[in-house]
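Chain naming follows the written order as A, B and C, and within any one chain the residues start at number 1.
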């Protein structure tokens, strides 16, 4: 079986600074994989490389065995990979419902269609309402997305990310800036909506990581120093030394 | 050969004039992300103010005072207009400066009327500096080159050698960080806008006597200036310089050498249709280079955009 | 506020319902039919024709600016080139005599679309400033070509023709203005409906998405560039239709139909009307045409006033007229709109009087500066006086100061009334 996502000697430099220094990683289908590491380790850069936001300087990225080199974000998305952003990235002027409906359009085969009315498609409306139900935003359906609370916007962001039916979901710090109760809420949400999908996430909150992930990779200075189950990573001496320190003992 | 030299000088005058406008525009753009559509209007105001001042106090006071007034006006526009519109986003900002350009043109017509003003070079500069093969070069042109070069050296010196210049350069790339360091970024923005418009004012003062001081002068030069900075690459000062000189020389040479499309087509092996005035291709056959000199910048811009979308010196993701 | 929203049950759109709200469109259609019976004289019909063409053009422009977030400074060329092409069809002799005139706008649309495809291929890579600059450059280029490519653009004198040489359409030869009116009205209705429906298609929706957040749209499977390109092409098509109707109505096209002034006017019309709502540009076109007709007869300075209004709109009411109207919807929902009437009257009436006083001062300054020597008489507001005496200056200054003074005095009360009208009862402070 080919891995859902495979990184092979991936490198990225900005000018003379090498941010990602040869990352090899294989993430299996259905795996819940968390990438952790100290600030500046290159986690977000890694995400941006995989999703085509930046071009890599070397190495290869394969999604379901297909090389992603030179592909634009929209092409990668069409191949079944969807992502969320660290800074909330929604369509603030459109209603919550519209936000979700727009993210369904391509997956439902509408493409660059300018002859069907979106309002007349039951499948589209029901599909969007179903997603809203899953992310508990039905009551906010007709409000402009920009007026939602921060946690609600994060939930919407996750809704938009999963709506297209992608089987590989990448979440960039989904709980950043949230309170404890909000974090618990989002973690539950992520667990239900990514059921049966491959999940790759960057996260700082160790509670979230150990609660959600079944595989963890530790990225330090652009290199992966350990990959394994939470228990293995927790026990890894190099990881403890490089990054986790005593913080891990508390959990 | 001599004619080439004359054209080189003429083109240099035009190019430097363009650069005086495009430099200010580029500075403002790269700092604030706003393309000031009304930039050429400040150039026009410079010419009109200088004319009015020269009536009372003479040309030299005009050269000194008019850019100052224009700069203060520009700073006022930034402080009380642009800063307010900024919150709505980039497109309203552009629309605002566009509206401002309309308004300034109407205002100029309101105050000075629609006719050209009798604004002339000072008598002290109304002589022939030297002649090349019978083509006289007026001293005023040499003066224009001189003024422009002095201003650029001054600008370069301020930007690279002074503390203020360092802060401006830093604010160009990292406005947030510069603000966090305790510098008053809004004030810097206002200052840069003022200086940029004052530069346009200087250009107006010295160009007014040559190109004419009339309500359409902003529009005539304005669109060429925008084309210049697109060709040079938005936000690149070097790009603006190269593109300005390129356009200056290109249009000057196209005007003075009467190259005919007919010759080119014949050289390429086409035969001229017999009844050229009935042919659908007559416009193609009768094109001459002076005829298209003024649209050459636009053609160049389209070509650049197709083959090098980020301009000559622009960054790929600008 | 929020719990009120929460209590309201979600109302899913009924799938299969007709996507067009019938009542406003029905009213518009009826109005278009009966207007010529209300305003019967020829000049009124001329104005209405101009208005209708401007509406189509402004709606097409707003497909870019409002729906797609793309600011074009050269959109007149798509209408203009479409119009020129139609002029050539009108002059084509045999082909035109086999073609009913009402079909002609389709050709104008196709030519506008064709030009938009060519230009859009390289101009829609980026939105924002870059797009605006390119649109300006291309617009200037094509406008400048009008004196070089004489075969197509007719040089200085333009291209003119005679629309009545077309195949009679059910016996109508379009000799009369009124016949042309109904032709234009038909195309106005059709184009407006099509443009409205377009905004409800996946492409229309994604145009909004790309406008708000192009990067996010890319991560939803859509190429922002292609979405912009399609909006641009669709806009070019409808602009071409407007150009064709211009050709039919005026039977002449010149460089003026292409130049940046024309492009600027359509930006002005659309923005004054309001880019945020579909009906904004319609409102803008109607108001602009009326104001232009009335003001340009009254004063030479109408461009100056227009410039002031435009800049003020951008600075203080970026939503335009439509935005101003829609601002009142919350108060209307609360049933408290009526409470704004008196405060409005108290503030806006003095403001209007003050503005008229200021305009009088402006006119008088203009007269003193620019009237020929010895001509000291001027007529303003049906009054003739000597502009070189003190009295009229005193009156105008007084009216201005008092008008704006009362406005300033009553403005706080208006703000208070406004806040009150937008607060649901029982939710004080």
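Definition applied: a contact is a pair of C-beta atoms (placed from the backbone, for glycine too) under 8 Å apart; a residue touches a chain by one contact, two chains touch by 3 or more.
Remember, predicted model here, so these are calculated numbers, not experimental data.
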Report the chain ID whose CA centroid sits closest to the centroid of the full protein CA set. C
Centroid comparison with chain A (C-alpha atoms), farthest chain: B
Can you compute the centre-to-centre distance for chain A and chain B, using the mean CA position of each chain? Integer Å is fine. 48
Chain centre separation in whole Å, for chain C relative to chain B (CA means): 31
Distance from the CA centroid of chain A to that of chain C, rounded to the nearest Å? 44
If I count partner chains per residue in chain A, which residues reach a count of at least 2? none
Note: in the complex, chain B contacts chain C through residues 29, 33, 35, 81, 84-85, 88, 90-92, 94-96, 98-100, 102-103, 105-107, 109-111, 113, 219, 223, 226-227, 229-230, 234, 280, 282-283, 287, 291-292, 294-295, 298-299, 301-302, 305-306, 309
Hey, which residues of chain C end up touching chain B in the complex? 65, 69, 71, 73, 122-123, 125-126, 128-130, 132-134, 136-138, 140-141, 144-145, 148-151, 260, 264, 267-268, 271, 301, 303-304, 306-308, 310-311, 314-315, 318, 362, 366, 369-370
Would you pull the chain C residues touching chain A in the complex into a rising list? 5-6, 10, 12-13, 15-17, 19, 197-198, 200-206, 208-209, 212-213, 215-224, 226-227, 230, 234
Chain C-touching residues of chain A, taken from the complex the two chains share: 51, 72-74, 77-78, 82-83, 85, 89-94, 98, 101-103, 105-107, 110-122, 125-126, 129, 138-143, 160, 164
